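Letters A, B, C, D and E mark the chains in the order given here, with residues in each chain numbered from 1 onward.
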Amino acid sequence: MNPLLFLLVIPILTMCAIVLTQDLKKVRLISAAGMSAQLLFAFILLYWFYQQRHAGNTAPMLFVSSTTWYESFNIQLKFGIDGISVAMILLTSIVTFAGVFVSWQVDFLRKEFFLSLILLATGVFGFFISLDLFTMFLFYELAVIPMYLLIGVWGTGPKVYSAMKLTLMLMGGSALLLVGLLGIYFNSAPEGGRLTWDLTEIAKVNIPVSAQLFFFPFTFVGFGILGALFPFHTWSPDGHASAPTAVSMLHAGVLMKLGGYGCFRVAMYLLPEAAHSLAWIFIILTTISVVYGAFGAIWQKDLKYINAYSSVSHCGLVLFALLMMNETATTGAFLQMISHGLMTALFFALIGMIYGRTHTRMINEMGGLMKVIPFLSVLYVIAGLASIGLPGLSGFVAEMTIFVGAFQNTDTFHRIATIIVCSSIVITAVYILRVVAILLLGPVRNEQYLKLQDAQWFERVGGISLVVSIAAIGLAPLWLSNLLREPLETILQPFTKL
Amino acid sequence: MTWNSLYIMRHEVLLTILILYQLVADISEKNDKSRVVHITIITFFIVTVVGFFPSGDANLFGSMYISDDLRLLLKNILGVSTLIVLLQASTWLRDPQQGARTGAFCLSIFATLMGMFFMISAGNFLMVYLGLELATIPLTLLAAFDKGLRRSAEAGIKLLMSSAVSSAVLLFGLSMIYGIYGTFYFSELALLSNSSSLAILALTFFLCGLGFKLSLVPFHFWTADVYEGAPLAVTTYVSVVSKGAALFTLMLVLYRVFGHQSDIWLMALYLLSVITMVVGNLFALRQKNMKRFLAFSSITQAGFMILGFMNTDVLGMTTIVYFMLIYGFSNLAVFGVLSIVFNATGKEDMDYLSGFYSTNPRLSLIMLVSLFSLAGIPPVAGFFGKFFLFTAVASSGMYILVLIAVLNATLSLYYYLLVVKVMFINRNELPIGRLSSTAYEKIAFALCLGGVLIIGFASSVYEYIESVM
Amino acid sequence: MTGQKIIFFMLAASVVGFSILSVLDRRILRAAIYLLFVLVAIAGLYFMMNYQFLAAVQLVLYAGGIVVLIIFSILLTSQINSRLDRPKFSHLLSGILTAFGGIALSIITVLQFTFKPVQAEALDVNMRTIGLHLMGTGADGYALPFEVISILLLAALVGTIFITRKSSA
Amino acid sequence: MNLQSEIPLHYMIVLSTLLFFIGLLGVLIRRNLITMLMGIELMLNAVNINFVAFNHYLYPHRMEGHFFALIVTAIAAAEAAVAIALIINIYRRFATVSVDDVDELKY
Amino acid sequence: MDFSFTLLIILIPLAIFCVLGLFGSRVKPAVAGIAGTAGLFIVTILSYYTAYNYFSMFHAEDGYLPIKAFSILWLTFTDELQIHLGVLLDPLSVLMLVVITTVSLMVHIYSLGYMKGERGFQRYYAFLSLFTFSMLGLVVATNIFQMYIFWELVGISSYLLIGFYYERPAAVAASKKAFIVTRFADLGFLIGILLLSFNTGTFDFAILTNVAGPVIAQTTSTVFMGLSVTTWAMLLIFMGGAGKSAMFPLHIWLPDAMEGPTPVSALIHAATMVVAGVYLVARLFPIYALSAPDALEVIMYLGSFTSLFAAVIACTQLDIKRVLAYSTLSQIGYMMVALGVSGYGGEAGLGYMGSLFHLFTHAFFKALLFLGAGSVIHAVHSNVMNDMGGLRKYMPVTHITFLIACLTIAGIPPLSGFFSKDEILVAAFEHNKIIFAVQWLVAGITAFYMFRLYFNIFWNRTPAFEHTPHESPATMTLPLIFLAAASIFAGFVPFHELVTSDGKTFHTGFHWMIAIPSVLIALAGIGVATLLYYKQNSKAENIARSLKGFYTAASRKFYIDEGYLYLTRNIAFAFISRPVAWFDRHVVDAAMDLIGNSTVQLSGAIRKIQSGHIQLYIWFFTSGALLLTLIILYLN
């Protein structure tokens, strides 16, 4: 059987185990075990992947297996991975792993919590490995929907409102997406032959441009909403603010990446001409969201809002890079996805831990935490530096790749957009340092914080696993960037033609 | 008339026997009805099973009665749904101070079911009309079955009056059809074609008549009131079985008889589906009474169902039946939970469900799954049903309609999630106590959940439906 | 102006007139009586088209059955010659609009259409052919509907009894 | 004697149409359940006229319209019976048969 | 010979940083300090060894060639644009190695005493090592992108060190300011790099600065707003340099940076990091000189203005560290001017040589000044002149060394400062008389404010100390002595044979015509200072009062900070960020909510249709049917 299926089997088995187990103590152990296994397997997969490549297997997709599911619609259970998917899978497994540990202390309906958390992860894994649009869409929605319960039940603040808003906006997105997908499906055989949902097959045919122009906006915006595309990003601040820690982590860290990944894999890959001729609209939008998100973050008081807006900014950068449509920028986009995934997961984890101690997220109510909880504070600073783009941490690599890539487009429009986007590094520095200064440095604002105790072991595990991966990417980015770059040559073929 | 033809008509014949049994039982068993209920359910179970035996195509009574695999399938879908309804109603039926009702209830149920069977395997508009009336008139009585309650009586009269008018309109249409074509036999009509304005008028009136049963907007007004007023079992029955029968009949007539006039009804159904989805959603948005809520939700679903007609080919029919099947299971599951709650507390308001999960995790999970199925959320079957419907629409290039439909699906998700919210998120210091369910109800749930969870993944189901088209 | 024409117009006039009366008259019992006249007139029309059997059924079932039923129920539910309150104007207006709209629509469409009679010689309608058809199971046989109606009547009967029976509960 | 020459089919159809919508008018404007029922009966009769007329004028070689009318009559009877039952039921619960008062289920 | 061992010079500090950063809190402070110092000692030895070997490898006549001691691929952007991390050895980088390691070592030793007992001693040493690592990595960069990488690292470590006392709000604010200002400059740097690399297709210095190479040879065709793209690129890159080197108008962060521990100021904000800008320009000098002369002009004027501007401010400051900070600005101004006036190759490259020569000497004497000031502060626990005076009795060593430093910076022969400044003035004189005049004047002002400082600390009135100040421990005085020696003798290094614009040595004579006036004005400055500040008197106040407005303006640093503050707080925050936040909540988000709410409202509105009247239902049914029929008929 296809090794990729383990990525689905392991979580499912874990869920079964959770359902079957009786005492709540075991639940988190089981999920931790399961997710560790998943993480381990992700690395094994990476190893196998390299093995195959070195063995000279130059097929665009590896581990491809396809079984027909719905004969009459030609729907297949087709799985396969290339470098990009592998990287994404790694990211997902790391974040999930950390997420489980961070939510160690959830005790209200613990079973259900971990179940839905892992269900969400399953959806994401499925999305990343599936090569069939239908299956992809299925997993996509599967990943989105547990969010409602996770936020609604375990959230804080105006959770019901946020959960509903998030779910509806994302589902609205997938509504647009569905139209786009159907359009692609019914144009997948322009000169006769069998219609197909198969990504790789559709990529071979060239869909009539008129159809592309009609369906590209649907598809791109559909995914873009999940990628926090301006002006459809407003679910993100509220959603994140209300979500429980692990959920924010998974959502910002992984789920929002589905958006970018889909924009690239489906919208741009299958509809290149339209992408090329409509890109300018979305470049404007993404440029706006990069700067806009950063400026929005400056004014916020709530840690989670700050982070949500910075996510808007960073994810905007991802989409922007994708729209640059060259190898370097695209590599940068995926680097940024991964980097932002880890970074923002770390941020949310820390925010959760801090909130768990101080019971507030308002930065101006806190201060001088560095003295009280040095471990968490240091991690926070590291996360901040990563998002500022300090060399040696992942953010720098990603941003630089994007900027260099974006600079390859010589016309004035792209140049101006690029320079505007570059300026975000300063704004980012402003709001990050502002937070660090107010939150961590300075004198301790509130005496009763003096007896807060620092991170516990599970928090350390969660935090360190993320920091290590951030640093690993930042220090030795070459392997990752090559991993991401290697499939792009073929994928970007149509764009180089244009 | 040979034994074989009796075998071919086994659904109806066996139902007749059951009906007669009810008469006898009603007289013999005076006070304790539970035995009757047991026997009825078991025998009906057998009838349903027997219904699945294969039997080839056949035209009886001078092709006034048609039977083929497709019609068999449709009948069986209805049969199973009815069985589930009975299983769920068993508690309510056996409850002693309602003693007298059992016989009449079952008899009317079977009569209506028989009417629906005739609608489905009709080879002649006369039979369609007869079946329709047979499926409607006892239903009005059923709606008024809670004799103690004003609202039940009101539901009955409302249903009767409006359905009488609707059938009159339908008849008017039929009479015109007769005037134009000179026959009621499908076999002959299928060959004839006429695009005069009178033909359009006739066809539209006929559509409206069936649209009433299907509760399409603007023919839907009775729905909410009847759902609310009627006893829960009856509501379940109306929302699934009789809706299904109407849908199937409409499908058979349109595809098999007026197939070559598709451009007429295509337009009509396009408009109807759009307005139905939108209005149904808007009304459902604020309902607090679960029965009314489900009424409007079922209206919306009806709007989705007739999306399938946008494809005038096998794809269309298949998706329609497939969706109806899934909708049936999901809706039945929801009603099952409600009936348990209702039997225990007599409450139908959404708010009474708040904190339901804390006391009845199983039931609320069943509810959750089936609501998601209604909303079309993966991995449950509803997702597949909706997706394929949209595919059918898209296949004829009506992407705008797809967009409208999908946005409506999203909107509908909103109020389904409201219920989920009430059950899972709302805190409640004194929620409904722990509820137990009888063996019958367990079986019913098993059937429903099996349907909801499996149908989607087992593509063979879809392919079987496709094969019998 | 032959006799048939005269008779037809008389019948038609009475059908329309009495029906309007029965719809508009606010004394309910009279309305019922007008209804009876309408039904009888319609039976007359059947006679004209020499469907004697149908006419007979019409007289017996409708005039004899239903109208009586209705009158009974009227007597049950309200005093004789109690005047009904006049309909709300808005209802009246909307109703009349709809009715006339419908009339206009249907009549126009009908008149646009040219009916083509078949060129086959008519079979003469006598009790024998009726009986044969009614019991026939082949083409043009109505045995099945006949049976189904019986079921319908049975169901209606039982249900009606159940509903109207003074409930013990 | 042949009716066709004397009275064209359209007369019949127009008559029935008028009757049908008059009946509908009755259903729509009368405030009394029983009179509504009467309206419905009128509508059904109108339809019957159609069937019979078509049968007699256009398709005299078969008797479909005739039998359809027959069956409609029978069903009308059943319907009427049930309606009366329900009306009486209403009368018991609401102590009235006026439509305006039977509107507890709404919104 | 094989220079790959030079890799250790970079790796050892990194290792120390990692060890101290991770496990520092576990060990005793002293251990951490010793470890750091020891490690750096090795590094220093190594760099001296490197320098010796490198310079002895070639014959001065036929010039020095760059050696790529080490290089690995770090990241690939495009096929030609790749980042390598490596070690490039040429006179410039070797020189910087020596300077940095020396000063850094001194600071390490000095801090053992100065920071004794401070909370977070280990953290301090970890950060010091981090800084040393990044600074060394910066100077040995083989390509401009590696330079950028370490450039950022230097910035962050400076941020960390300035904010070392993170519980002191002032320190926090200062560190934030420093980082953001330099970050803003780096934006220019980055865009400049992007432009340059895109046009030239490489990051590598070897190719970029190859005089015969394509980069310089290619006449940049594309012109944007009157300047060639290369010029733009170089200007933008210089923006980065200006940020780090605190050139006007990006200088505002440097005085505030004095909030950090004094040794840090000595290391980062006097000797090493702030000259990174100079180093950058020197590194890319061929391009500036040959394909972007306009940019060089800009650099010259900017440098000159900064030096004057800073010198004037320096005269008015009371905080001794701030005085030194402004003097640093002014001195860096000198270096920039020197680069600006220089040409490429041979005699023309005199300015270049002078600039680096001054960088070299300045490193020593400015470090010395800071460390001396540190020792003073250590003694009196205050930065303000008014709390000082007459300290010569209490702390002789500090006094002597400080005096030497003052003389050096004032440019009194035969101290090193004299020589380096002389070269610069000569070069300026040959290139542009006005600039020369300005720099000559600045020399005088420099002498004046330095001795103002000197007298105010060590002479003048003796205030009442709460406890009598005493000489600092040996760990602090030894570095002082060493640096004093260095600043005395550094002038005799035959610089023109070592570090020149084209790597070839050239012969420079001694210019009496420049030297004498410069010495004279220096003496004049000293004289004035003596008059005013030797003994306590009111002359200074009188003079200050006589030019009131100017004086206050100068003492308030010409209100530059206020301007920036206004710009950021009131423009960037209030006029952009806040509206954005508002817009997002009340327009974009509100729009989304509006959709939802209006739907719910609508549903509420139409619910009434379901009025409960059968006849209404029937009416809807029939009229609906008729309407539908009409529509269909119409559509057909």
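FYI, contacts are C-beta pairs under 8 Å (C-beta built on N, C-alpha and C of every residue); 3 or more make two chains touch, one makes a residue touch a chain.
Everything quoted here is computed from the prediction, not taken from an experiment.
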{"item": "Steps needed, at minimum, to go from chain C to chain D via contacts", "value": "1"}
{"item": "Taking each chain's C-alpha mean as its centre, the one farthest from chain A", "value": "C"}
{"item": "Pair of chains ranked first by number of touching C-beta pairs", "value": "C-D"}
{"item": "Greatest separation from chain B - chain, by CA centre", "value": "E"}
{"item": "Chain nearest the overall C-alpha centroid of the shown protein atoms", "value": "A"}
{"item": "Separation of chain A from chain D, taking each centre as the mean of its C-alpha atoms, in whole Å", "value": "66"}
{"item": "Centroid distance [mean C-alpha coordinates] between chain C and chain B, Å", "value": "31"}
{"item": "Chain A-chain B separation of Cα centroids, rounded to whole Å", "value": "43"}
{"item": "Chain C and chain E: spacing of chain centres that average the CA atoms, whole Å", "value": "103"}
{"item": "Junction residues of chain C - those touching two or more other chains", "value": "91, 94-95, 98, 102, 105-106, 109-110, 115, 118, 140, 142, 145, 149, 152, 156, 159-160, 163"}
{"item": "Interface hub residues of chain D, defined as touching at least two other chains", "value": "13, 20, 23-24, 27-29, 36-37, 54, 58-59, 62, 64, 67, 71, 75, 78, 82, 85-87, 89, 102-106"}
{"item": "Where chain E touches two or more other chains at once, by residue number", "value": "607, 610, 612, 614-615, 618-619, 622, 629, 633"}
{"item": "Complete list of chain pairs which touch one another", "value": "A-B, A-E, B-C, B-D, B-E, C-D, C-E, D-E"}
{"item": "Complex contact set, residues of chain D against chain B", "value": "13, 20, 23-24, 27, 33, 36-37, 40, 43-44, 46-47, 50-51, 54-55, 58-59, 62, 64-65, 67-68, 71-72, 75, 78-79, 82-83, 85-87, 89-90, 92-94, 102-106"}
{"item": "Complex interface listing, chain E residues touching chain D", "value": "607-608, 610-615, 618-619, 622"}
{"item": "Complex contact set, residues of chain D against chain E", "value": "24, 27-29, 36, 99-100, 102-107"}
{"item": "Of all residues in chain C, those that touch chain E in their complex", "value": "91, 94-95, 98, 101-102, 105, 109"}
{"item": "Residues of chain E that touch chain A when the two form their complex", "value": "73-78, 81, 145, 149-150, 152-153, 156, 163, 166-167, 169, 172-173, 176, 179-180, 183-184, 186-187, 190-191, 194-195, 197-198, 572-573, 576-578, 580-581, 584, 588-589, 591-593, 596"}
